[in-house]
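One chain, chain A, appears in both complexes that follow, with chain B as partner in the first and chain C in the second.
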Partner chain A sequence: MKQEGKIAIWREYQKEIADDKYFYVRSCIRQNFFPGSEVTFLRILRDVLKKDVFEHPCHTTCSGIGYHGDVVPVETAMTVVARQFALMTEAGYTNYVPSCITSFGLYTEIIDTWHHFPEVEEKVRQKLKEATGREFNIPSNLAHASDIIYKFRKEISARAKYKLINHDTGEPLRVVDHIGCHYSKMFPSKGVGGAEYPYVLAGMIEEWGGEVVDYPERRHCCGFGFRQYLVQANRGFSVACSKEKFESMKPFKPDMIITNCPGCPMFLDRWQYVINEMEGTRYGLNGEGIPVFTYEEVAGLVLGFDPWDLGLQMHQTDCEPVLKKIGIEYSPEDKYKTGVKTFSQNQPALANV
Partner chain B sequence: MSKHVIVIGGGVAGLEAAGRLSLEGLEVSLLEKDKITGGHLNRWFRLFPDRRDSTEVKNYLDGLTHVNNVRLLTNITVEKLEKEKDHFTVMTTEGKELKADAVIVATGFDLFKSSRKEEYGYGIYDNVITSADLEDMFREGDIVTREGEVPSNIGIVHCVGSRDEKVGNLYCSKLCCVTAVKQAIEIREQLPESKVFCFYMDMRMGGAHYEELYREAQEVWGVNFIRGKVSEASETIDKKVVVKVEDTLAGRPLKMKLDMLVLMAGMEMSEGGKKIAEMTGLKTGENRFFEVADHHFGSNRSDIEGLFYAGTCTAPMNITETISHARAAVSEVVEYLKKS
Partner chain C sequence: MGNLYDQLMKDVRFEEGLNACMNCGVCTAICPAAEFYNYDPRKVVDIVQGKDEEEITELLKSETIWYCGECMSCKTRCPRGNAPGLIIMALRALSQDLGYFVESEKGRQQLAIKRTIGDWILSTGYCVYIDGISLALHPEQGPVWEWVQENKTELLERLGGNYKGEGPGILRKIPDDTLAELKRIFEVTGGLERYSRIEEYSKRKAEEMDLDLNEGIDNEYFRHIYKTNNGSHTR
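Moving on to the complex of A and B:
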């Protein structure tokens, strides 16, 4: 593998990312899946980097999950998105930052559609005005929340308490980066690093001391794929997709996986447990699972946040082996200080107990 | 006094045109940007459809120019090309100024930069190479992977940078299919134990003896032809190349592990040609090659009187077509100079 080839491609795909005054919109599902991630993003931006981040209480779903699940027509999705932009406009912001990859993809797609078909934009403006009395500006800068962390990866590194390095050996951790499909596969120029070799997470991994693992099924879907999971009859396909990825990455002996999508960490994390239950297969080192993190969680760990404040106790695949490998100081006793223990102590090491 | 013609580009078209113009009794200067003439011919080992040694054609072309006293100027790049009344002035980056009564532009083509098809990983994955790289191996007589091992399973991807809206090339490069067939046979000749898989969209075997070569590849050499586009390539821990393909005849996706993947790079307007177009305002077509005055009976003429085209600066062509096109350009020049 020749790194210089990737570097040449990364140079081609740079995007403008605003450096302050963000209108932040949360994901529909991330707060249930990985409840510490979004609050960690806000903590890093506001408390560590001293940035202005605004959240609007009237923000709703972008409807992207329904759009990509084939139950919401695109015109409806556009009008919902127009309303979100109206909230941003009313709040006096211009830099729009969605937490969700599918939202980011939908916003990108809609802005591009309006660019090519201004009559559609005009119609949406009329419908929004009729229905809500609202008007909107299109954001001057649209960046996914992982773009923001990527932008400030060096600032985070400068404040790092820990690096993605094996505490005992000094070797970099081997990290799989998994990018949500809707980040740049539809619009390569809108993602840091493009679609084939995205750099948004790889840049964080490199900056924070880790080594990026490139494996054959790197581009493959995590298994969520919307209808693969949302339609119950398809769930076998969902788990099969995830299994395909785990089988492919296993020979590279990854220490951890880092993701930037709501669904990806959920399925890569939970399906490891399911596959272990189904056939007793574990893909990580020492007979364990491969811990799966969101980028906010990893940024939080690097900055020395308490793992349990990051919500790592909510992961199905146990994260503690990686915490120990990095040398992170934490209190195992505090693991469930905010919740109820749900697993028995006799579960296999794969499970988060 | 003899009329002077400048030929820009010392590849197949330029050499043929320069030699023939000289035979007509004209004074000829041939400008070549590289140290030696021959262009892409220098890199190709054997030629389709008969797999003759490319040096035979090169020797013929060199002979044509040497015998006929063509003034050969190598390592020369055109900086400025202007026409004033009936005369052309060429300024080179080396500071030379040349005057001419007519000009033939024979700036040829560049191979498509395969790294632009990012999903194939050329320049990233160790065992993804191009058709030109494979010719180097043929010449060395040593087809090996980056690890120095003899490959057992080799894939060939057709239409890399051709008929591809994503890279902005809607046209067919015409030569890649037959090059793939030729190279597949040569691999099987040199490595009888190997298996070769060609992934194609359509087999465009339009030239003389191409179809026969295609049949030979299947019947004699057992080359596998799979109709489907490769969607992506990736690398395993042991440096194999995994390809994902839609096999459109079987109607199902296919995943295959290969020791080597060869990309059939298409043809694009050369950088030299683009510069000439910029400095002269010569029209280029949607395919970015020079736009000829008339596709049927004026394919050597440009929109500047006295400036003519020869060869692949106007469209993808094979060597036979290029030589014919260059001869036709000579005929146009002679006719033009007689009138002027």
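Moving on to the complex of A and C:
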């Protein structure tokens, strides 16, 4: 397709994103695996951009992983989500911002279902009232946290300490964007750029100086597949999906991967470790792995935050190749300094790639 | 019209996910599970819209309905606006309601998901919780995760978390009254009933298979369903 055609399609899928007063709900997976990313999101929104972001201490899981693991019934998931909306309503907010893509997809699905089946919404309202005494309004604006960073990509760029540019060569870094399936595959009009040409991460990459890598399996699932990862016997599916993506992107020599889903960065990071352990294959340049980042981590690096404040030490695939290419100042000896039990880089189990 | 089809139609996802399928197979072409498993979502949709009671029964007891990863790539591409992924979710729900899930190796795994994700939701307020993500269950997490687990209190504090703390923040303690609300929601919406059925049918199956099944995850049946792969599922 000609570039003009792509741009026209993207224009059809520009969504409205609120510009302030956000009710923020956390991601179960990200709190465990990428805690620094959620902290960084709030740091950028509150401290750098001076936005009002409210977090209710009594919000919970949306139950989405249980719903897509098929142990939580649809009526239950809807009512748990309705309770989250009730907390937003009680706090006086209308702009709902989930950190999680599974949650974002679930909220989108539920609001769409209620639109088509008002009797289902009414039943959920009754059940929520019966269970908790709460009532709710549907958010007037639902935007994923990556939509918010996309919206303010230029403001971040204006404050940038670093760009996604190789400081030795002056060339833009080659960046793979990986969009979580539930961001827009179910409801293309709810994502920036739709499902075929989602622009939410590509927009950040281009704004911050990088070059977007297009490759055949760009839109393929990372392989989470819920039960396909949650149960050990099924993980061959999960690693096979990621491997298919790595094999497909390798010829394009990406410097890094950026993601907007809770599970995807973890799988694309860990499965590189596993594939290296299983067969000795590494997909990055110079025998290294391909570093995998969340969009908040990349935004934080661009703004000059310390890599270890961002939580990059929690990655299994080393982030350092990208730090070096950009020319980011960091302290290697501080990486695993936290805690009483130290991480010896000489341990044979250490197979950081 | 068969009884099972009527039951499927009560699931709003089934009603939303199935219009008249013309069997073009685009869903199968785009499906990651169809690349890996002996799986063809086109056939699944064809069977259910055929409304044959016997064939739907066979499907509900089969390995087939458990191969989908619910990525919903099929929803994007279907020219008729169908969502085979939503149909699969309705089939899985009915399979568990009727106890048919224990008749397949992949279906039996539902107990493992219930006893991890399902129980964590009600005990912690999180779907996934750091204390339960051990290297024993997740060896693929690697040596860095082992370091994270050994230093999680200090590391989460270092990164600005609120592990087991009061108030908002990363991995905060979810208040007891909030957990009580969650449990009450599960009670009035059928969530606890789903959990009970998974437990009840799994217990019967464990006895039939002569495998020990106690509480929690340290028992023969859990280990069996969590790790066993008979190798017949893939292409």
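As a convention for this text, the second predicted complex is superposed on the first by the 336 of 353 C-alpha atoms of A that agree within 3 Å, B and C clash if a C-alpha of one lies under 4 Å from a C-alpha of the other, contacts with A are read in each partner's own complex, and residues count from 1 in each chain.
In the analysis below, a contact is a pair of C-beta atoms (placed from the backbone, for glycine too) under 8 Å apart; a residue touches a chain by one contact, two chains touch by 3 or more.
This structure is a prediction, so every number in the text was calculated from the model and none was measured.
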item: Comparison of chain B and chain C by chain A residues contacted; value: C
item: Touching partner for A:197 - first (chain B), second (chain C), both, neither; value: first
item: Overlapping contact positions on chain A, where the chain C interface meets the chain B interface; value: 195-196, 219
item: Chain C-facing residues of chain A, complex; value: 26, 28-29, 31-32, 35-36, 38-39, 55-58, 60-61, 63-66, 68-76, 78-80, 83, 105, 113, 116-117, 120, 127-128, 130-132, 181-182, 185-186, 188, 195-196, 219-221, 223-228, 230-237, 239-241, 244, 270-271, 273-274, 309, 311, 313-316, 336, 338-341, 343, 347, 349-352
item: Chain A-touching residues of chain B, taken from the complex the two chains share; value: 115, 118-119, 121-126, 232, 234-237, 242
item: Residue ranges of chain A in contact with chain B within the complex; value: 1-2, 4-6, 8-9, 194-197, 214-219, 251-252
item: Residues of chain C touching chain A in the complex; value: 11-13, 16, 32-33, 35-37, 66, 68-73, 75-76, 83, 89, 92-93, 96, 105-106, 109-110, 112-114, 116-118, 121, 125-130, 133, 137, 140-148, 150-151, 154-156, 158-161, 166-172, 174-175, 177-178, 181-182, 184-191, 194-195, 198, 225-229, 234
